[in-house]
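Notes follow the structure.
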Amino acid sequence: MVQAPAIELIGIDKKFGPVHANKNINLTVSKGSIHGIIGENGAGKSTLMSILYGFYQADQGSIKVGGETITIKDSQAAIAAGIGMVHQHFMLVENFTVLENIMLGAEGGALLARGTDAARASLKQLEKDYGLDVDPDAVIEELAVGLQQRVEILKALYRGADILILDEPTGVLTPAEADHLFKILGVLRDQGKTVILITHKLREIMAITDTVSVMRRGEIVATRKTAETTVEELAELMVGRRVLLRVDKKPAQPGEVLLSVRNLTVKDNRGVTMVDDVSFDIRAGEIVGIAGVAGNGQSELLEAITGIRKPVSGEILLEGQKVSGLDPAMLRRLGIGHIPEDRHHMGLVLPFEESQNAILGYHRDQRYGKGPFLDPVAIRAAAEVEIAKYDIRPPNARLKTANFSGGNQQKIVVAREIERNPKMLVIGQPTRGVDIGAIEFIHRRIVETRDAGKALLLVSVELDEIRALSDRILVMFAGRIVGEKPSDATEQTLGLMMAGIAA
Amino acid sequence: MENFDMLVSILGSTVRLSIPLIFTALAGLFSERAGIFDIGLEGKMLASAFAAAVVAYLTGSAWAGLLGGIGVSIVFSIIHGFASITNRGNQIISGVALNFVAAGLTAVLGQAWYGQGGRTPQLSGDARFSPITLPGVDAMREVPIIGPLYVNVISGNNILTYLAFLAVPLSWWVLYRTRFGLRLRAVGENPGAVDTAGISVEWLRYRAVIVAGLLCGFSGTYLGIAQSAAFIKDMSAGKGYIALAALIFAKWKPVPVMFACLLFGFLDALANFMQGKAVPGIGEVPVQIFQALPYILTCILLAGFIGAAKPPKAGGVPYVKER
Amino acid sequence: ADLQPALVYGTGGKFDKSFNEAAANGAEKFSKETGIKFRDFEPTSDTQGEQAIRNFASRGYNPVVAVSFAWTSAMEKVAGEFPDTKFVIVDSVVDKPNVRSVTFKEEEGSYLVGLLAGMASKSGKVSFVGGMDIPLIRKFECGYEQGARAANPKIEVFQNMVGTTGAAWNDPVRAGELTKNQIDQGSDVIYAAAGASGLGALQTAADNKKFSIGVDSNQNHLHPGSVLTSMVKRVDLAVYNAFMDTKNGKFTGGIQTLGVKEEGVMPAMDDNNKALITAEMKAAVDKAKADIIAGKIKVHDYMTDNACPKG
Amino acid sequence: MSTASIPLPNWITYGLLPLINLILAFLISGLVVWIIGENPWDALVLLLQGALGRGEGIGFTLFYATNFIFTGLSVAVAYHAGLFNIGSEGQAYVGGLGAALVALALDHYCPWYVTMPFAVLGAAVFGAAWALIPAWLQARRGSHVVITTIMFNFIGSALMVYLLVNVLRVTGKMAPETRTFLEGGQLPKLDWLLALFGLKLGAAPFNVSFIIALVMCVVVWVLIWRTKLGYEMRTLGISRSAASYAGISYTRIVVIAMLLSGALAGMMALNPVMGASARLQVEFVGGAGFVGIAVSLMGRSHPLGIVLAAILFGILYQGGAELSFDMPNITRDMIVVIQGLVILFAGALEFMFRPALVRLYLSFKKS
């Protein structure tokens, strides 16, 4: 007899208001396999899995688990059906201990006392079975991200999950940690569990999965046996056309040192040192990339250079002049542009109309209105020029910014910052959540800016992007610059440095 | 000895004035630890004081009054929940709105039913919670130091007073030793974690605000039919806000909440006591200063000069899954 | 034309068992005797008074009686707008030809209840709880103090005010707490002149088995055995007279001051407090009354100099 | 399907939705009226007649509306910067002191039109001053402005009573209030304005402050939508992180927004103090600061909406007074109930009907 598949999704459809996140999706995952799902940002992977986990409700479609149709009206139902999920954004209570987090929702009785001992015991057991050790009494916010993820996996296993969904688990891990995770997943599969692994990293898919499904714009466009496909084919399926994984650019012509960072130390809001005694220079006409796993101080470094966060010590010099401690408005006037890492939280005010966002940060400029006043006509005219030049669609300066797609929103930010002709441009995650067409466009603009003799600092968690754009690569680990490599350094070399293993 | 008697008197007054604060602040504690800010404590207290007084008057039973007070207070809680949990409205606006509704409705109904300027009829006997004399009072009277404290501060309060002090450890126990408490604390920090653990965020938060309603019911009842013998228009007189301040001051923890409330109660008692008396070295201080003192002090406390207060992380933010 | 009298209360509500209720009683009495109906209105906030007075005047009500000093400025304005309407204000003075201002010598009545308090006190300490801290209430207090001292020169008199805003008339909790403080300090007779807040004072006194003294209306029945007496202020008489005088065409403007002599203020004696007032006390009161009328005793009016002589 | 991000046309968002919420608030108020044994329909008719039936009623309606325009603007300006100022009540109260001091100082020497600009300034400065500490606490110490402004309402009330009772009161007079201002300290009535429409103002204290209020509406509109400062306020109000990215100082904007908010609240005092009673009295604000919250929410924080909402509440206040006169069972506290319900439905429950409306709208568009 043929074994029933672990999961069968039939005709799943989901809309978030105007966004059609999942379109009539059919997917089968066989028991005891590792099934990969890849797709670009915003393709609908998380949405689909959250539906399976009962976090969202599908508008249409049905779900079979182990051959039986069940309705998953909430996560409780999913857990009961043996499904566990590790979310892209961890679902942990930060000021709780590991034990409390694991017990939450599976307390084993109205009073905590009894359940606690049982939980402790089975945690020990899981630790032994899968090599997932973590101190049960540690408080989550004091744990490293890798350990937090371990807690998430333990949470799922503690609830008796047979089917484990991991949503982009490696985004926050170093390559070495990722390899360790994959080993654990292998053990889980060998014990008969089913794993669904979401990622958009092709390397990972090839390394660990048995089968792989590709999502694009809310649809599953293909499902392949991993052994029978190639990286190139998957990439093409993902973006819908042949991809050029490199950027055309001439060698850099570095000029004078424009920006110097000297012994910079920066703390985050909790008072933890995130940037630790960092020094480097950037010359006019070059792109310096900073590689590193997310959360190793890159964000704080960018914020310090652009004046959003006050450094604790050290200094930043622009053309030899001390600029550390100045506020972002002042720095903009001195010629430091900034494409922020998160357009939704920093780069844009979503409820504003497009033209209003096109002046954000430069709104005090006299060309947008005399004295204390703003001149809407002038603002709109200026915005329309950028819209045309950057092919921002729809070409409507009065449209609410929230109603532009991710790629076009990012173009609004890029246009604003590049068109002010800064001496120095600080760029964080320039293409996160942006479709491939826009990626190419933005990359080209960045290279053009370099060729116009500007100094650029680029931070990205996408190693490919760093390697494609940078002229020099600095690797950041635990708040320190652990080394510098030329742009042709291999992924492996950089990966080891990002893990803090080699310099 | 004169001074000691004064102290005993002030302490007795402190206890009486702290009780509504303790109940109310604990109510706020449950609500806010679950992530629902509740600026409507004031209104709930007022509404339940009215309901308690009306029911006690109609039935002649203080216990029935308590039930009435709790019932109405819970209704207000549920409306607040409906606005801020189900409809994801602004919690502060909802609280402010309910304060107005309570202030207006109690006055309108009170005047329409009893025609005493929004007051309810005077209660007596079993319709009120009267002071209880604890055993051994007579024996204790002669004991120095402890005696007067026992007789005048510990004994001679009504049952709700003792319940308030019981509610403090009970709240602690519920919050830190039960499943409900674990989930409640979790939902105020990260509702997503609760949701993905298969627990309904909405229902959990509803239960939290209902507990808040329950406790406010006690405080309102205390005001209406224990501390006084009738409901009077606007009788909560800002106590809900003071309780809120105490809650912040106590960093959302049950036992410190009690001490914060006792502190504010003490200030109030001291203000009453110092009225018209000369402060050594300063002379007679205008009553207004004493009256404003709790509020001034709250601002100073809030200014964080005594250590910053960190509210529950998800507090005030509606849980929105789908945009 | 038919007589259409109107009455605007103070903000404590019609059935406040005190000041407003006294006014209502006066109007009821008139109504019962003459069969003429009257309209009344209970403002619940200070801003409402003026509109109510004007509304009555503009609808042809006459006379329009407003009790409470809170309507002074309102009365000044409206009386100017309706020179043909007769107005009466109680507890305040408005200098207009068509306005009769009725004030009471509260200090005299308070002197008498102070005398009783001084005699009833065993501890040698008596106290006073006032509502809003205004000169009028200080006037009560001052007379009370003087009376208590007349009974016992060594007596200690404490006083507290509930507050300084209109809310002070409506805060029995604080009044009760102040009373408790005073009791703790040894007071065994508490005189409350605090509107509805006073109910809290009387309640606390009763709960603690001390004497209290009510105000404005006869409040002796509230806690028989505990309420020693009440400083009755004949607001009812003022209202009744205003209606009656208008009916009989005998209305006069100007200031009327009702004291002990006019029987405008007096300590209430009835069955409820019969047991509490000894013959000796009764005699002392009667004598003091006579002396006041005769001018032999001068009770100081706080409002003349905003000061209360000590001792 | 979630509907929150599906856009609706403006006439629904700014017209129909608030209207539905308003109607609901009134329906429930009607229920309360019915519970206390009166006929809600009769009550409504009396209310409208009282507010709009005669010139004098209209005058009173506009007089109250003037208060609410100021306080509504006050709440709105803070709201645009992301601040919920519950302290307009106290700021208006203290603002009254500023206006009164100017009037007391100048009324002997100047005609009203000379006194007025100084009084406007005085009221604004005092109101702003009362918002300063909460603003500073919010900006620098992170203490929530909602709590601190509530505290400052209480403190302000204690302060004003102290001053009125002990400093400003006329000796020998009972009420804690200043002397009556002479003509030079009074704002003239706008009887000519109503006369243009053939109405008689009567005793209604509808005065020049109304015009100041309308001017302030224009000023606020320009400020919020046509100045760099307004841009910064709106940016901060929506996204604190975007503001810090743009180099907009949180402290500066919070303090400025609160000062402006306090100043507008303070100006409200001109209307009752110099326009109506010609003296500073205790508790003259009478809840207008709190009504401002409802007005601002109803009016969607836009000056035009605020004027309309203020007139609505003016009708409620004036009509309510007349109503309570004719139906003594319905006291003026009924207005507080309605006010609370309006805040509840227009504020906290503003989107209760949105999903249904979206569905209706979508199906309507399809067919």
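A, B, C and D are the chain letters, set down in written order, and residue numbers restart from 1 in every chain.
Quick note on the criterion: a contact is a pair of C-beta atoms (placed from the backbone, for glycine too) under 8 Å apart; a residue touches a chain by one contact, two chains touch by 3 or more.
All figures in this text were calculated on a predicted structure; none of them were measured in a lab.
Asks: Work out the mean Cα position per chain and let me know which chain is farthest from chain D.
Replies: In terms of C-alpha centroids, the chain at the greatest distance from chain D is A.
Asks: Using the touch rule from the top, work out which pair, A-B or B-C, shares more C-beta pairs.
Replies: Per the contact counts, B-C leads.
Asks: Between chain A and chain C, tell me the centre distance in angstrom, where each centre is the average of that chain's C-alpha atoms.
Replies: Each chain reduced to its C-alpha mean, chain A and chain C end up 76 Å apart.
Asks: Can you check how far apart chain A and chain B are, centre to centre, with Cα atoms defining each centre and the answer in Å?
Replies: Using C-alpha averages as centres, the distance is 46 Å.
Asks: Can you work out the whole-Å distance between the CA centroids of chain B and chain C?
Replies: It comes to 35 Å between the two C-alpha centres.
Asks: So, what's the distance in Å between the C-alpha centres of chain D and chain B?
Replies: The separation of the two C-alpha centroids amounts to 30 Å.
Asks: Spell out, as numbers or ranges, the residues of chain B touching 2 or more other chains.
Replies: Within chain B, residues 107, 111, 118, 233, 288, 291, 322-323 contact more than one other chain.
Asks: Any chance you could list the residues of chain C touching two or more other chains?
Replies: Each of 42, 44, 133, 164 in chain C touches at least two other chains.
Asks: Would you give the residues of chain D that are in contact with at least 2 other chains, written as numbers and ranges?
Replies: If we look for residues of chain D contacting two or more partner chains, we find 2, 4-5, 158, 161-162, 331, 333.
Asks: Between which chains is there touch?
Replies: Between chains, contact exists in these pairs: A-B, A-D, B-C, B-D, C-D.
Asks: Which stretch or stretches of chain B touch chain D in the complex?
Replies: Going by the criterion above, the answer is residues 39, 79, 82-84, 87-94, 96-105, 107-109, 111-113, 118, 233, 238, 241, 244-245, 248, 286, 288-289, 291-292, 295-296, 298-299, 302-304, 308, 320, 322-323.
Asks: Using the touch rule from the top, collect the residues of chain D that touch chain B in their complex.
Replies: Residues in contact with chain B: 2, 4-5, 32, 35-37, 84, 86, 133-134, 137, 141-144, 146-148, 150-152, 154-155, 158-159, 161-162, 166, 290, 293, 297, 329-331, 333-341, 343-344, 347-352.
Asks: Over in the complex, which chain B residues touch chain A? Could you list them?
Replies: 177-183, 185-186, 189-190, 192-200, 313, 321-323
Asks: Please name which positions on chain D make contact with chain A in the complex.
Replies: Residues 1-7, 222, 226-232, 234-235, 238-239, 241-242, 244-249.
Asks: Which residues of chain B touch chain C once you look at their complex with the stated criterion?
Replies: 5-6, 8-9, 12-13, 16-17, 107, 111, 114-119, 122, 130-131, 152, 223, 227-230, 232-235, 237, 269, 272-273, 275-276, 287-288, 291
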